[in-house]
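Just dropping this structure here.
So that you can tell them apart, the chains are marked A, B, C and D in the order they are listed, and the count of residues begins at 1 in each.
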Amino acid sequence: MWSRYVAPERHYSTTELIKKEEETMLIVMKPNSTPQQIENVIQKIKEAGLAAHLSQGVETTLIGAIGETHDLPTELFEVLDGVDMVKRITQPFKLASRQFDPENSIFPIDGFQVGGNDIVLIAGPCAVESRSQILETAQAVREAGANALRGGVFKPRTSPYSFQGLGEEGLEYLAEAREETGMPIVVEIMSQNQLDLMTKYVDVLQVGARNMQNFNLLRTIGETRKSVLLKRGLSATIEELLMSAEYILAGGNKQVMLCERGIRTFETSTRNTTDINAIPVLKNLTHLPVILDPSHATGHSDYVAAIARAAVAAGADGLIVEVHPDPAHAASDGKQSLKPEKFAEMVKQVKAIAEVMGRRIAPIKKPVIAGW
Amino acid sequence: MWSRYVAPERHYSTTELIKKEEETMLIVMKPNSTPQQIENVIQKIKEAGLAAHLSQGVETTLIGAIGETHDLPTELFEVLDGVDMVKRITQPFKLASRQFDPENSIFPIDGFQVGGNDIVLIAGPCAVESRSQILETAQAVREAGANALRGGVFKPRTSPYSFQGLGEEGLEYLAEAREETGMPIVVEIMSQNQLDLMTKYVDVLQVGARNMQNFNLLRTIGETRKSVLLKRGLSATIEELLMSAEYILAGGNKQVMLCERGIRTFETSTRNTTDINAIPVLKNLTHLPVILDPSHATGHSDYVAAIARAAVAAGADGLIVEVHPDPAHAASDGKQSLKPEKFAEMVKQVKAIAEVMGRRIAPIKKPVIAGW
Amino acid sequence: MWSRYVAPERHYSTTELIKKEEETMLIVMKPNSTPQQIENVIQKIKEAGLAAHLSQGVETTLIGAIGETHDLPTELFEVLDGVDMVKRITQPFKLASRQFDPENSIFPIDGFQVGGNDIVLIAGPCAVESRSQILETAQAVREAGANALRGGVFKPRTSPYSFQGLGEEGLEYLAEAREETGMPIVVEIMSQNQLDLMTKYVDVLQVGARNMQNFNLLRTIGETRKSVLLKRGLSATIEELLMSAEYILAGGNKQVMLCERGIRTFETSTRNTTDINAIPVLKNLTHLPVILDPSHATGHSDYVAAIARAAVAAGADGLIVEVHPDPAHAASDGKQSLKPEKFAEMVKQVKAIAEVMGRRIAPIKKPVIAGW
Amino acid sequence: MWSRYVAPERHYSTTELIKKEEETMLIVMKPNSTPQQIENVIQKIKEAGLAAHLSQGVETTLIGAIGETHDLPTELFEVLDGVDMVKRITQPFKLASRQFDPENSIFPIDGFQVGGNDIVLIAGPCAVESRSQILETAQAVREAGANALRGGVFKPRTSPYSFQGLGEEGLEYLAEAREETGMPIVVEIMSQNQLDLMTKYVDVLQVGARNMQNFNLLRTIGETRKSVLLKRGLSATIEELLMSAEYILAGGNKQVMLCERGIRTFETSTRNTTDINAIPVLKNLTHLPVILDPSHATGHSDYVAAIARAAVAAGADGLIVEVHPDPAHAASDGKQSLKPEKFAEMVKQVKAIAEVMGRRIAPIKKPVIAGW
């Protein structure tokens, strides 16, 4: 018995949220399939509440299963005798799809809007290391034109022996920096257990590449109404990134930014390979804003500005960039962090490209406190 | 200031557990580096409590940093002026390393031993779907020679609209199957929050590919004394797999099995690419047992037996295989699941290969209840 | 105008050789495609001499193009207005397909048969370096049980400054080795220009990974009747490997062995990643013999025997292994070359695996000269 | 005996051309290596005419081999007892290196210069299909601002049943288009045998991705003085691309443009993955001009303009773009070909980006014939 019929109260289900649309699965029969095998497939299609469309050539038989197929696994048909292959014709994501919602998603983050004509700049250190480090960086990136401040307080490190972050102390420093500069803060959440702590402090929840398919975390975030920056996994396809966004959207949280941060390939001269194609592809497939992280995507501060310019030229809606006042002494990612003056230079270049694209860098908000 | 000096009580630290060993980082200077730049690097090495070894040619200067470098990021030196590159010469993992412990780790799981001369067979459905399904499968795989029963109760699904698992009800069915057949049970844990529930029921905690770098989860598991089956991430290197094992070992939990389950490459004719090289490489680098999952590594039931044989021929210590009494109606992974009779056939083939390798399939334990 | 109508005498065409078979391309229309757009697609299908099969749902329209589509590019339809995607349903290779010829291709190479029940062992150095080196190696591998001798005389080297091979002198040494030991010789051909020289000396023409899509070379070889060992390209899919075999088969040369030699992935702990899945996949898709090269597939002599055993356990029809009497002084590939005694040990292990598989290592031919 | 001592007259050698520079290889000894093993390595280094530098810690021993190591294989040391690993510290390419020649290579192609401040635009169809097709396209791309005309006459096709090109007839049409428009022509050469024919007609020899490591072809081209457009192989690293350029440079041909055209990764939503990082990385490593091919790098005409803009923003020196007057009827690559009006639009966008970068599109040359 297939899972559709499992009692729904036990399972997470958002089918109700999904606009009913017709979809298609295509079943290709083997050249020598028998009439009985073809009949079995048609029977199975009907049992699943779908319409069957038969196309028979002299040797080849195609059967289309048309209806609500988006939550049907292809295995349902693949395992039947006589079936050669099953292809899903329509996209498995719905809420994230531009077909579902053709207009760009535009949503406000404290002081600016994301997804519209303005390009947003998020900048700051890989990790919050100390009060002075984050306050100094915040001032510097704001002066250079940044709209939001990033900084990690729980760090996912490959090695258990590496620096793991300052925890809540770091959040307090970030909150202070926000107060001083007026910039909202973007912080990575690594676990469901950190949700209360995070929502208390942060403006944008960042989901890191390693957690892109931590589905429990995605669901938990979907139930909040915090803005989200969802990073693409190291080897996640564009479709999988959109499926992960779908987990959050399905919970009712519509404020999701997607972030290309480089993928893992055979090339070793850079830390990752920036999938610049992902920018126009995502803008075509989805209405969600698309951000690029040139710091992780290259891994070398020398290449960050070039890739930041390329991202905006390709149509990105924003950038998230690692900036550190003293990269040589950064606790992590020093190699790919820009010094504030290099970041300011990058902002100027990106601004010029944005103008050519008929866009602008989002204006920075005045902080409420004195001194600005 | 580098993170080594951050107050340790706030951070996870297992440095104390690590056998002190000398290690090396190599700093290569740029051809035209100045004496002052070289001096700065040497100074930095000394500040970190390491010994500096200088090799100067006419144009090339190499500086070795020797001492306890395993928790030093390479960025510490990469960002200094005049530095061309920094290479870590020794392995970043310690507890998992065969250099650290040359003898194979052998540990008992209820009824058999893993990591020694016996090859263990773990089998069962992708997901527990119903009481009858799991009891039937358990009996079938036990008769065919399986040592342990697998079955998911929380399923990581790419789509939020796919079947998500039976939860605790599934664990109860698995426990009943264990009682009936005498086989310990292997179940995937997806979140720290599931730990209490899981440890109450299961014998082996499985960490899935998507969670291989969910470091919070790894640490939590490291604090238990449950056996662990740690699956390699889709695009994780062998070194990263060992670093993730290190997280668990560093917590004091030594009972870690590593599982190759296929990596993501450009080839699309199979679901993943079995990295068969990983078997001898891992057996060389680590003392931990190495298991192969031919079901996920191929994605097609037709190829499972061939890859299972290859794994044992290459030196694997065990296999984990998806078996379903009725793949055509499986809630997930039906395409790659073996029918029980195909699994029984596979076991015979694997048994013959094991004998040629001077090993044997682990004998099955008699269950305490009647009927066996 | 599409190329089918270009005057055929100017172009290489083997359509005549191909058994006429019905094939299918599937055109999926966009959700909002107009009746006129659908009509245009159908018109185009008919112009190409194919039958059109229309399946219309409420929103989705599928059109099957059935007939001789194997030489039709999918672009023919992809560029039409209203078309969402075009999928080729049937395999683009024909002569290489097991559907075309269900029986294993078995063909003789001087002294043994390939593709049948016997497993063939090809061994020898990466490059012929001197007369004594090749004669010594030939004797050693023959004594260990090898059926054929490999050795490069023109070496494809990444660097123009590396050893490039002995040329014809090397072929003379190989011919002498063949005479002494009775083993046929397998040598890589790198260019059409080398064909006359090669066919004069060698028994099996090897096409290297870097030339797998050197289509001019493939065609030239297709016109000979020499046996061929066709290596898979570093990033070639299994389908592309079969398409390259198709180039040779289409010329009338049926004696093609396919060789898996590892693919390029993100993993760097081995030189390449052995795609062991390719063995059962190829045995399923094609009737051609499948050989594995564990030397290039791992790049480390320590791992060669394990992968050689795995290959035979997975169903390979043979192995090609680098052996050098003194790897420490090899001109190339020393790191992955086995010493003769290690090779002899590997042969024993492989022999035992072959027996379990119901096969045997091909018996070695007696040389005609004295001393054997 | 190592190949350095093989009689040089038999082998291709360009060592003489190479500026003598000091280089380094680093040999890391195993923790428990013996004094005798260390002595052997030092001996071997000296035999190769190099200086040995020893760094000994308590447990770790490093030995630097300093001198002319660029033509020494690392295997020379890797196979010695006690050696753990060998790393090449300096780049294996010389003539292509910016270290060797810090100034950008600028060279003229009929009517414009490449590698300087001007950005060059090469455009035209994938394949020459007919006289009218190429003349029409040439006029259209020239009017839009293209500097050179591309068009294939021998096509490397995956399938032997696909259109293979018009051959010399195509070259005649291209020559006629050159005369009419004043644009030099860029044509792919697939084989050494085509050299005479090609040099008779074409201005720039294109080496396709599949031939990037066809070393015989590279050498042959190195002996000409024709400009070359060298495309990166599907899975070639940036270093390998530079090594292939080195083959051509070593023959004395300095006029080499490098072309990024997308690499093969796991992502399937585009034909290839544009490695945009390669642009700044190549500009850093080499003095040679860098061109990007957005048509092959994406495979979809919808994404070509975005990636063309990104390339120029990242620092590319030129673009090569597929344009076809009627993509729906193109013999090949129709899906990724721009219509002339779309190309004209792309040129305008690229022009604006170039200006922001302080560059300009190379001005077009007036043809000598009337009508322009």
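Operating definition for what follows: a residue touches a chain if its C-beta (ideal position, glycine included) is under 8 Å from a C-beta of that chain, and two chains touch if they have at least 3 such contacts.
The structure displayed is predicted, hence computed values, not measured ones.
Colleague: Need the most distant chain from chain A, centre defined as the mean of C-alpha atoms.
Modeller: C
Colleague: Just how much do you need to spin chain A so its Cα atoms sit on those of chain B, in degrees to the nearest 5?
Modeller: Angle of rotation between the two copies: 180 degrees.
Colleague: Taking each chain's centre as its mean C-alpha position, how far apart are chain A and chain B in Å?
Modeller: So the centroids are 27 Å from each other.
Colleague: Calculate how many whole Å lie between the centre of chain A and the centre of chain C, each centre taken as the average of the chain's C-alpha atoms.
Modeller: Those two chain centres are 40 Å apart.
Colleague: Averaging over Cα atoms per chain, report the distance between chain A and chain D in Å.
Modeller: Spacing between the chain centres: roughly 33 Å.
Colleague: Out of chain D, which residues touch more than one other chain, so two or more?
Modeller: In chain D, the residues touching two or more other chains are 235, 264-266, 268.
Colleague: Any idea which chain A residues touch chain C in the complex?
Modeller: 21-24, 26, 28, 31, 51, 53-60, 62, 64, 66-67, 85, 87, 89-90, 99, 235, 264-266, 268
Colleague: What does chain C use to touch chain D in their complex?
Modeller: Against chain D, chain C makes touches at 1-3, 6, 10-15, 18, 70-71, 73-76, 78-80, 92-93, 129-130, 154, 156-167, 169, 190-193, 210-211, 213-217, 219, 233-235, 240, 243, 246-247, 250, 264, 327-335.
Colleague: Quick one: which bits of chain D touch chain A in the complex? Just the residue numbers, please.
Modeller: Contacts found on chain D: 235, 237-239, 263, 265-270, 273-281, 284, 297-298, 302-303, 306-307, 309-315, 349, 352-353, 355-356.
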